[in-house]
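First up is the structure itself, then whatever we jot down about it.
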Amino acid sequence: MSGIVVQNIERAAPEVIDGLAACGVATVHEAQGRIGLLAAYMRPIYSGARVAGSAVTISAPPGDNWMVHVAIEQLKDGDILLLAPTSPCEDGYFGDLLATSAQARGCKGLIIDAGVRDVRDLKEMDFPVWSKRVFAQGTIKASLGSVNVDVICAGALIRAGDVIVADDDGVCVVRRADAASVLEKALAREAAEEGKRRRLAAGELGLDIYRMREKLAAMGLVYE
Amino acid sequence: MSGIVVQNIERAAPEVIDGLAACGVATVHEAQGRIGLLAAYMRPIYSGARVAGSAVTISAPPGDNWMVHVAIEQLKDGDILLLAPTSPCEDGYFGDLLATSAQARGCKGLIIDAGVRDVRDLKEMDFPVWSKRVFAQGTIKASLGSVNVDVICAGALIRAGDVIVADDDGVCVVRRADAASVLEKALAREAAEEGKRRRLAAGELGLDIYRMREKLAAMGLVYE
Amino acid sequence: MSGIVVQNIERAAPEVIDGLAACGVATVHEAQGRIGLLAAYMRPIYSGARVAGSAVTISAPPGDNWMVHVAIEQLKDGDILLLAPTSPCEDGYFGDLLATSAQARGCKGLIIDAGVRDVRDLKEMDFPVWSKRVFAQGTIKASLGSVNVDVICAGALIRAGDVIVADDDGVCVVRRADAASVLEKALAREAAEEGKRRRLAAGELGLDIYRMREKLAAMGLVYE
Amino acid sequence: MSGIVVQNIERAAPEVIDGLAACGVATVHEAQGRIGLLAAYMRPIYSGARVAGSAVTISAPPGDNWMVHVAIEQLKDGDILLLAPTSPCEDGYFGDLLATSAQARGCKGLIIDAGVRDVRDLKEMDFPVWSKRVFAQGTIKASLGSVNVDVICAGALIRAGDVIVADDDGVCVVRRADAASVLEKALAREAAEEGKRRRLAAGELGLDIYRMREKLAAMGLVYE
Amino acid sequence: MSGIVVQNIERAAPEVIDGLAACGVATVHEAQGRIGLLAAYMRPIYSGARVAGSAVTISAPPGDNWMVHVAIEQLKDGDILLLAPTSPCEDGYFGDLLATSAQARGCKGLIIDAGVRDVRDLKEMDFPVWSKRVFAQGTIKASLGSVNVDVICAGALIRAGDVIVADDDGVCVVRRADAASVLEKALAREAAEEGKRRRLAAGELGLDIYRMREKLAAMGLVYE
Amino acid sequence: MSGIVVQNIERAAPEVIDGLAACGVATVHEAQGRIGLLAAYMRPIYSGARVAGSAVTISAPPGDNWMVHVAIEQLKDGDILLLAPTSPCEDGYFGDLLATSAQARGCKGLIIDAGVRDVRDLKEMDFPVWSKRVFAQGTIKASLGSVNVDVICAGALIRAGDVIVADDDGVCVVRRADAASVLEKALAREAAEEGKRRRLAAGELGLDIYRMREKLAAMGLVYE
């Protein structure tokens, strides 16, 4: 079932993608009903990046990064590469040369359930990566994988063209077809939070703002 | 045994707490006889913070952050929130809204044996957190826990009002009643180290400063 | 077999060592045939450092840092301390005082398959450390170990005088006798990469630069 | 998106399921192209069990086992319960009472990406479980999840009615629609292996049986 | 604060201890309000053992088992040794000789948040151990620790004389003063479960026995 | 540096090897000065096996088991296969067919710092394996490795022909040249332990047998 490159994938609208990036991972995750997070071990190689893009997915054999070259040809401006190995692997599939190539094609970043290297160069290039590991271990180019097929990456199902949102909190996936409605909910959530933030900053308590006292008392909370 | 909020806790003197913060985790840990460290997996979400404060403790069900709201009401200026789940959990109990509320009540930071989110916002707010994980996973508000009861957090017993010291080296707890004497010992240790630091910086060897050569030879150390 | 200090070790030429530092871990690892990496859990305590030096090795009992003092006397300008415990340990063997002493003797950094502390001070001193853990837990001075004997550190065999290269990607060891030839290959690799980087940055694809298309087709890659 | 129970799921033919059980995990995994394995951390609570059945899937909140009761009603003879928490959790969702109930409905076993308890009783009942953890930690019944929806369990996508094969090697999933053809390939593989096993047992070498010597020599293997 | 041996500790009544052993870890944990479990990584070295006894606690330096000898003198018939290292350690503190000595003093088993060795011999002797690791790594006898002081073992606070219950599900601690009342609740729980077990075994559903259907419907559970 | 098969390796005398097997891992480890243990994560796939043999070493690429076939030809009666991957890998390199072949050549078992599968069959064949993981994940045969070269396996340096001792406590390596003297020391240790065991079993205390009381008192141990 490997050895397939799906060439024409659908993508969400750029303004929706940009809107999701601005909302960030935590808000998007909440807005779509607390689903879509990748495992907590997926960490950014440097802090401060916040991106969203359409997933170009790579299913790769362990220790073999050949398919990354194949995937880069499929990139369109604003896409995000996402790689899942077919068995657990920490090798460094990706470094500064591949980042140079991907960035030249408009790629905004990489999500990889494996290792990455040349992280100092990647930071200088402003090419963010969320990975399981930083590891210089080299890979080979011997076996086929697939591009733009469904993959399980860090415990989440990703389909080519899904919107990936990533920031310092981790990585979240939004189904392409849901992107616009999730953005709408995320923006509503942000608006609602803004008022609460001001009240909380002024010293009001969540206990009062959210009217929790009665319910807590009813459940038996005792103040000593 | 949950569902209890202890309201009036005793705290150490502010100048003692500030003194312990200035000494830092490693020195305080040594000064009190090499005890009190929380597990090494408790890491700061950004580097450079160094704080101390009185613990307002939270015992919370897994994936349920309701008690954080209850605890925030108990905060006094200079306190530190400390949360331990009742079974292992990595969910993101705490984010920027709760931090806004806690900071408004004078809270200096959070120690949490679970997950935290909105870490970019927390850094911008200068609200430091030491956590087991960064994870955007949301939590619910359905079950009671307790506030200001004894908890085991990251392998250490914490009592409400204990002094928590945290910096880039991790987190250390000092019993409230011991805080003044531990500070005294920590300051003495710092003074003693200062002289050694100068001699070491000048190229003298610890082997000579600490008169180790004879003992090493007696134990059989052989130079080849 | 412990209790030995080997005093006169051979070192690689300084210009070779400096050359390897400039190439960095990933390039050096590739240049010598994809060997020599220490385990991926060895991480720098702060980002941005890139060093190389001759290994002064320490085999130390768990939780006992006495041999570090012994090793510091053996340091020459440009060396790197490398410590491996004789059984798994996360304690903080090394802090700012030892760093002051080591730095005064010309030491460029520390590689330790255990814990380190005082990391804020170490960063201010510009003394880089790659470690398994940051942990303030103190150690004792009760048992002998050895200095400049062969050790296994984070899964790699290190001999005293081997060249250690370390940067944000991790740590790599180069046998002393191989250092010059590895540097030669690393430089050749860098030169070759430079041309490719320019072509990739201009939008050319690796598929074309490396002539991969025919081979991929022959192996059965299908474009849908 | 939670709070749904899908009642009528399709299942593979019983004789196909039984055939897959007899082949075992490793053979089934190979026969379907080396896909479908759950993560290696899924281990049996006792050795020697080998089962296959149709998955009745449960998506459950962390630390909340209410949906297991809902799922048991959906069981048909020969089914296997499979539970995935919505965020990482090690609590003991399942024990002897639930096993008694599930077994009474014909359930052959449980796959759970979380904890299980009462393992001595489960062994006596001959009710096999493959889990992430053995942990006595109790759970609550407060929030809804779903039954017979798609879940990601230990890194694999499972659809209700998929065939689950489990033995001492771990757990593998076979899509319901592929079950018959996978069984056919698995049986063919077993037949082919039988002849090889006899030759290998007689001392013939794989190097000769699989005619590897020429290829290895061509690739440069050197005998010293 | 180390170097202390508390000699006269109070113990729970033998019949209470035996009653708790018969109930087992999961039931005792539930009966006392879902508290008292040690971390899930504490596993038995062989399956099938179920014991309870009064804790004789050991606080030991990492890699130093001297205090085990001191603790053995403090054992009374039916006690359980419980060792917590002062910093994380996996060394094999305990083997067949120490087990012979402990067993001769009436000790029923060992709980150790570190390593154990000679596990084949221990099984033959019927001396059960729950440990973090099996590891042959030897220890030394150089530093003092304490006996019968409070320790944190695998995340739980243990006081000398507390009742330890251990079986295939893990390890649970019951405060000495609570032992009798916890036993009472545990027996009540067992009696209540017996009736439910029979009904479940006969095919009745938990949904009906516990009258869950209305509540689930009210919360919005939908059957499709 | 891969692609090498060393054909003629030296081995220790069979009676020495058998003697070491009878002593077991813990005793051999102590007898040679507490060195030589492989990491604690190396666990037997079934309990009760105790073997020793000469190491035929395999350095294999991640996820590629081709070299196992090459190594099997190099086996002599009583040897033990030992595989180390060149980067971390959990795939199942070895199953019942390879075990059949190895056993036919006189192989006593396998030590593998990766995964193994068909564990039920291996147990039935009485072919013991110590591995990092049980995992059914299949491997390929595409790249060269080496046989009978030095490898680092689970943190220990292994040379072809070294004696491997393995039992329920884990795995230990003894240098071939040291095997006879280590056996002598191990037997002496066993003889010395036998007398102590009888005294301890009779209720004498280690405190008295080893005359520890004075030293403990001198160090300041206080009985309360």
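Miscellaneous remarks
Order as written gives the chain letters A, B, C, D, E and F; numbering starts at 1 within each chain.
The definition used in the following text is that a contact is a pair of C-beta atoms (placed from the backbone, for glycine too) under 8 Å apart; a residue touches a chain by one contact, two chains touch by 3 or more.
Only a predicted model underlies this, so the values are computations on that prediction, with no experimental measurement involved.
The minimum number of touch steps linking chain A to chain E comes to 2. Here A-D and D-E were compared by C-beta pairs in contact; the pair with more is D-E.
Two copies of one chain, chain C and chain F, form a contact in which over half of the residue numbers belong to both partners. Averaged C-alpha coordinates put the centre of chain E at 31 Å from the centre of chain F.
Centre-to-centre separation between chain C and chain E, using Cα means, comes to 43 Å.
Annotation for chain B: residues touching 2 or more other chains are 34, 37, 40, 87-88, 90, 137. Of all possible chain pairs, the ones that touch are A-B, A-C, A-D, A-F, B-C, B-D, B-E, C-E, C-F, D-E, D-F, E-F.
Those residues of chain A lying in contact with chain B across their complex are 24-26, 29-30, 34, 37, 40, 43, 47-48, 50, 167-170, 172, 193, 196-197, 200-203, 205-207, 210, 212, 216, 219-224.
The touching residues of chain F, when paired with chain A in their complex, are 61-63, 87-91, 137, 140, 142-143. Here chain B touches chain E in the complex through residues 1-2, 33-35, 37, 39-40, 86-88, 150, 152, 155-157, going by the rule given at the top.
The touching residues of chain A, when paired with chain C in their complex, are 3-7, 46, 66, 69-70, 72-73, 90, 92, 95-98, 100-101, 103-105, 115, 117-120, 123, 133-138, 141, 144.
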